[in-house]
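Both complexes below contain chain A, partnered by chain B and then by chain C.
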Partner chain A sequence: MTGPLFPQGGPNMGQPAPRYEGRAKVTGEARYPSDVRLPRTAHACLHLSRIGRGTIRGFDLTAARAVHGVIDILTHETVGDAIRQTPAIYQGGYTSDSLLPLGSAEIAHWGQPIAMVVAETYEAAREAAQRIVVTTAPHPSPAVDINAPGAETRALEPMMVQAGDFDAAYAAGPIRIDARYTTPAQHQNPMELFATQCVWEGDRLTVHEPSQYVNSVKFGLAEQLGVPADNIRVISTHVGGAFGAKGFLTQRTALVAIAARRLGRPVKLVATREQGFTVSGYRAETRQHVQLAATRDGRLTALRHEGWELTSRADTVAMGGASMTTRLYACPNILGRVNTVAADRSTPGFMRAPGEVPYGFALETALDELADRLGMDPVELRRVNDTQTEPVGGLPYTSRSLMRCFDVAAATFGWSGRSPRPGSMREGDWLIGWGCASAYYPAQAGNSAARVRLTADGTAHVASAGHELGQGMTTMMAQVAAEELGVPLERVTVSLGDSDLPPAVVNGGSAGTASVASAIMIACDAIRARLGVPRDAPYAALRAAVAASGLAFVEELGEARAHGRSPESLPDMYRGRALPLGGVELPDRVQFAMGAQFVELRIHRWTREIRVRRAVGAFAAGRIINPRTSHSQLLGGMIWGIGSALHEHTDIDQRNAAYTNANLADYLVPVHADISEIQAILVSEEDRLVNQAGVKGVGEIGVVGVAAAISNAVFHATGRRLRDLPIKLEHLL
Partner chain B sequence: MRSFQYSRPSSLTAAAGEMGGLLAQDPDAPAAYLAGGTTLLDLMKLDVARPERVIDLSALRGELGHVHPGATELRLGAFARMAEVAAHPGVIADYPVIAQSLALAASAQLRNMASLGGNVLQRTRCSYFRDPSWAACNKRTPGSGCAALGGVNRAHAVLGTSEHCIATYPGDFAQALLALDATLVLAGPQGSRTLPFGSLHQLPAATPHRETTLLPGELITEFVIPARAWTRRSLYLKVRDRESYEFAVASAAVALDLDGDVVREARIALGGVATIPWRAHGAEDALRGLTLTETLAWTAAENAFAAARPQTHNAFKIDLGQAALMRALLQAASLEIRP
Partner chain C sequence: MTEVRFTVNGTAQCVEVEPRLTLADMLREECGLTGTHLGCEHGVCGACTVLMDGLPVRSCLVFGVQAEGAEIRTVEGLAAADGTLNVLQRAFQAQHGLQCGFCTPGFLMLATWLLEQKEGVDEARLREVLASNLCRCTGYQNILAAVRVAAQEIRVWREG
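Up next, the complex of A and B:
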């Protein structure tokens, strides 16, 4: 790569400030939740079910108890009713699934926690957990995946999208595409494991846990334990990656909390990498069906996208990506449908661009099939169908720069040098393939609050219970306060990741920056208003104003209400219910960030290894507060997309739904050698409507469309259209 | 991981003596040698290996950590690290298949830690072997069955399998040793001996838990690789699901002695597709004395897989293995060999 490692900014972009906590992280000073040392800590280890669905007949704990240092073993027999059944997030509650932790002898799925050992050391806890003997009565034929005979399909009527008359238009379509696609189960595998530490002081509980939403942990636990929420504090200062897996309260937290209460000492749990595969949610496998009809000049006349998503028996969870893929292109006749398929598996959840990655793969591959059938350049096909009005409800996009992204990325990539015929580009024994696809992600925000304090010495402090997942939240918070108040950046400090701070939205749905930045702006406006200092006043004037006020500091709370939320919804954020809203869910408009992905790959003529050589993405996402951290998010997303297309795949044993590659040696993600040239371009875009901050968010869009660009490039290289992910060499032999 | 006793003898004699003493008391003593630990500790954490006694051989690196490429043979101490051998200029120049098989294996961290002796004795990556909650695994628990037969078996073997075990031998270095006719130097409680490398690994047959012909307590001390007419025209081709840090889906170690385009001698060993490091004698025979063309390479490759037996998810390994071998042969033939 040449030139600077990150963009220097541009119109409607802030400064590429280095990470606020970067030094602490690279020197090891940053304390992640499992690094916090509490005196007299006991260590916990989970024992997970090794059968699929079934019933526990009994435990033999003799060998486990005999391990030196074992203190306590929790099972459904010993936990009793210490934990209450509460609704899952999908029913308006807080938990990531609705199974009661150690609630009964029933086993719903392989990998379900069925016991937890607490011991003096981690080693003893782990050894004892391995020595637990469980007698079970397995169900004779659990439904292991989306294709299992015993799995139950249910249509989700509320997720249906309809415009015009699809059937008639499709039947009349001069050019038609009808194709089925599948995407596999995938797991987030954040670098930092799922850890929880709980300590009680009297009737007050402190939880140290990596989280994307400390307040959902706090209020959910209060419900589960029957403890006043005011008595619970959740701290999550640094999070070592989350990607949706740390979004909501999992079963483990209540178990650790009650273990700590039983023992009267702090208890620490760090689930193993393998356990992480069922301790939290994951990207469920999907089947999809896309039908397109178009005129000979490429205008879409009919579009149907139907998805089937795997879910658990306990929870009906669907990412429902068809609600978005049906609104991206101009088309008069549309049908979108989503179904769930319930099987004997753990409850899926959110994984980076949860609906957009699988559904985007299908639609954007189908469009490439259409372009090929039409003999049309795939970029031009997108141009012909580009629109500033969402086609189902006729609502305007707040802004949409899809074709600008395509043009910038295509020029950078050198797309005009493409030889369109499949198999026509070669280098020695390698077949070369070029492919492209659109990227999109809903611009969302949730109600959030932030407190800003300006002190007489000219320093400022920003506090909000937002989360630093490595994405740059801390840096962003400091930057926004610095810019809004005119305080030098190095004089701003930040607190976050603590449920005692003003509440923020769940850090998901790429809504974190948009939501928290808006709240900080409101607080800063209030401070300036109180001091009577105009917007662009110099720093000296600001300091003089504080001094003149005679106050030691001026502090204001900003509360930002997301567009589409009612004023009555504001208090919800004080109860752990600030969820993102936007995209296609608004009554008056649609909001999306857009992008274009281009990929060059090579495939060996004989052995068929598929290697990505170059990837260029261009993204327009409203205001970019920090081009450096945004760029890093987008690069990471694009790399994730490469993995999602070529590597990531959770293997499921057909007998009991065991995950047979639940470790990082066998669950493949790209390594450095898989990523050569990669470029993420920030396309400047101004959107004054989307939210106070003008921010659309870049956390997820980088992943979207990469898999389709890759499958399209594979087609271009080989003439083979592969519709099932991941694409592996055996599919090309 | 279960608790165990640990010792670190200071010499080969002391190590073999210590193990000999344990075995004299109990021929099935649950004792294990430890080198780099990247296989053994891994399996102990998974509760697959349960030694009560661990004899750490790291002190033997001084005695047996050498890398000596000579004009007639290459001598490698069993405790040399993978990374050291892979980076040694003499090995790279004159025994390229050895250097490449090591450089393309595992990750930089593992190569810095792992020893050559431990490498050839690494255990299979079969998921059902590595997870003791699967009761059926003949390799782990003799007579218990084989969970992989009805399970996820894309990574499993197509050559050398039996109805009792289909686990792939996962390593890379072993194929290079096999292709170059290496010899092992062994030492143990019963004294020293040499063994052709090709006689080290055993087919699973009805006893998949018996993986090698090493005697109880026997140690690998050295690898001796003769320099022959085909040694320098040798290479290791590894096909895998990602570009680095991944086991072979199929691999080929090949060495050729050419007279113009005519094959005087060929050496072929296959990895990723077989239950043990797999010497393809038939393919070698098919090449000998003939002009190496694409067609001939295919014929040899077909021959190498004539006896292959696919499982539910790995039939592609037959085509892939053939393609890998043919690619390796043509690539080896095109190498510029300096005099």
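Up next, the complex of A and C:
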């Protein structure tokens, strides 16, 4: 019988404890927000714009109203000013875009919600939504994508990164690379659909919604509805995957809340898979320009990375990945620039490794081009340019184990057996390609709180409004409390995903574990201090101390402040404004998790079919609290990387910016058949500086660099350099 | 409204539904069995997989009225009455074949069917069958491992 694939532990790693909520998930007992059954629920269905940018001239709701069971239809005419204009997160607010839900007759983009039907059954609501007749005046030539003539380009000066004199150094460079790359629009497509249920009891509102940040929903909704935030509770116990799509308050929630208030009964909305493509943000398409200069022995002398990112007209959103690609390797002359290109599209947002996937693809492919030009092994090129000092500001990395990752992954992969000449490795009719790239992700944290209660019977309870997105937050919370207090793991219970609990950071930016673990550690310290029990005291001593205290339980709140945040920032987390900070944004240091990705693929000589045969990734991310869940996150990430390179792209209709593959049949994501052998290796690393917990986070780094490793492997197999994602067989004909 | 009689996990059910109601929604809304999840509602993701008269079906593509007289099995019926997990459920837990768990009921029901086939299962068959469902979290490796281990435990695994 084979053992599990995940590691059983190692230096600076905790136990691979089984998933806390695993039982609930294999029995069907886990209740996701759309599973919550509220008596007398009415069902809602959205009607989305079927034109691109334009104006609504009028609605004919006769046929829709005639559907048996229809109760209410919301449009901009009925909602009017019931929802207040509030700032988006990019302006310091809460919402994921700044369009007012059903706010006016103006349509900003295809797929914008323009009406919502509420009916006795979902079927009736859906039928009626389809029977809504809208008269519209479409804009004659909406800007549909990043290359559209009508799209507006804007340089984001604050995102400029500069060191030395790039122009002079590049001009003088003995070896130069100058290349342009593109990455497509992509959608997170978590398996769970975007659901919202709202129920009012008097003036108190409860929202059941899958979320990465219940407090963003709570405080944003309070602003939108003009209701005290104390009256709103947001519950999100289980989330069926998120990947950035459930990070912030979207337009749908206020609509459901208003409908429930109008009707005086619970209202449930589950957006369809197609609607989900514009209900939340997505990964915007990019164009990128990389210029490198190097000495003949491979030392970088100049590095320039400029990106153009699509955004909406309403919001200027940029992931700004050049701030990181300019800080990965030693180089004296650096220039990084970021631009937005505003088009008539919905506002993009965060998708797993939002800035790192596109910018990492460009830089790591450019480095491979340089290695090829130099006749140098691409691993050795990274080694020559490895550094313990960040090149722009001269700051130290809190820790950096890039080359250890390369060495471990290369050895496991068997990289030394590579024959470097493109097209030189073959098996029958298959061309074999081996490629590699660096992975990196900023180690971040946000202010977070957690409450820990130790009861006289020797059990402990941990509570924090973190989220179980599948990443293993619940298990991690139990483990940290068990370890800190010395309570057996099976005696620890956890509450999360509820805005009534002590607030936590938005569970994005791979910051959840670092932030919440730190808060739990502080709470446990306080408990031990109160009981006068030293660290590492046996469980029996801890129990005896609680008994001696005469208290039924001892409870403490831990509040962890992220490095780089001021003491005055702490109250912000009680207002839904706990955002991650770290990476390259700190004045005194740089924090990265790092890794190395290796890919072997095969390209058929005649059909050009591309198959990934194996992938090996090695990652160093500080302390690993649970190797089982961390390993799984990395594996899942690597498969996302394969998808980002070979499968995933959202197709845009050139007439109206409609997404023409907004379903899971046409938006391709990898399945079992696309994945052969894949290995994620946890490289042990200790970082006492990065945060109290010593954790860097593994939620996103697994994706980063895979696309470059694949494009580099394609080059190795064929001698063709493909700089536009996704790579498809027709590009190799 | 149409009356539909069927069994779910061995329990007789009689519900009145509109003919356009899907089996998935009938199970979720009428029977309160929310373990069957909907990930796409167009037959691609397999999250909604249940067994109908012993065969895996995508319950988002079957109408409730088509279940007339059928035996339906869902994820809620896998564990023993006393709550003991069955071999597949244990394997998913032990091999970490799930993260968010949203796809899990569908994979469990698909694998339940696969392991009940008398010809047994080998690596190629395992991958072929499991490729019909989507998981966005795990990277699939642990799901394959879980089903493999369960198949070995009940001796239907074939090497080669």
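Just so we're on the same page, the second predicted complex is superposed on the first by the 729 of 733 C-alpha atoms of A that agree within 3 Å, B and C clash if a C-alpha of one lies under 4 Å from a C-alpha of the other, contacts with A are read in each partner's own complex, and residues count from 1 in each chain.
Everything below uses one rule, namely that a contact is a pair of C-beta atoms (placed from the backbone, for glycine too) under 8 Å apart; a residue touches a chain by one contact, two chains touch by 3 or more.
For clarity, every value in this text was computed on a predicted model and none was experimentally measured.
Legend: residue contacts after superposition of the two complexes on their common chain; A:375 is shown touching neither chain B nor chain C. Within the superposed three-chain model, A:672 lies in touch with chain B and with chain C [touch as defined at top]. Contacts of A:241 after superposition on the shared chain: chain C is touched, whereas chain B is not.
After overlaying the two complexes on the shared chain, residue contacts for A:587 are found with neither chain B nor chain C. Considering which of chain B and chain C touches more of chain A, the answer is C. Of the two partner chains placed by the overlay, only chain B lies in contact with A:606; chain C stays clear of it.
In the superposition on chain A, A:123 contacts both chain B and chain C.
Contacts of A:660 after superposition on the shared chain: chain B is touched, whereas chain C is not.
Using the contact criterion defined above for the overlaid structures, shared-chain residue A:140 touches neither chain B nor chain C, since it reaches no partner.
Touching of chain A by both chain B and chain C, each in its own complex, is seen for residues 123, 665, 670-673. Per the touch definition, chain B reaches chain A in the complex via residues 1-3, 47, 107, 125, 127-128, 131, 133, 150-152, 154, 237, 239-246, 249-250, 316, 319-320, 323-324, 326-327.
Residue ranges of chain C in contact with chain A, taken from their complex: 18, 20-21, 25, 28, 32-45, 47, 74-76, 78-79, 85, 89, 92-96, 98-105, 108, 127-128, 130-145, 148-149, 152-153.
On the chain A side of its complex with chain B, the touching residues are 50, 68, 123, 126-127, 130, 429, 604, 606-609, 611, 646-647, 651-655, 660-661, 665-666, 668, 670-674, 728-730, 733. Against chain C, in their complex, chain A makes its touches with residues 1-2, 4-6, 18-19, 21-32, 34-35, 37, 121-123, 189-193, 238-241, 243, 270, 272-273, 468-472, 628-629, 631-633, 635-639, 663-665, 669-673, 675, 678.
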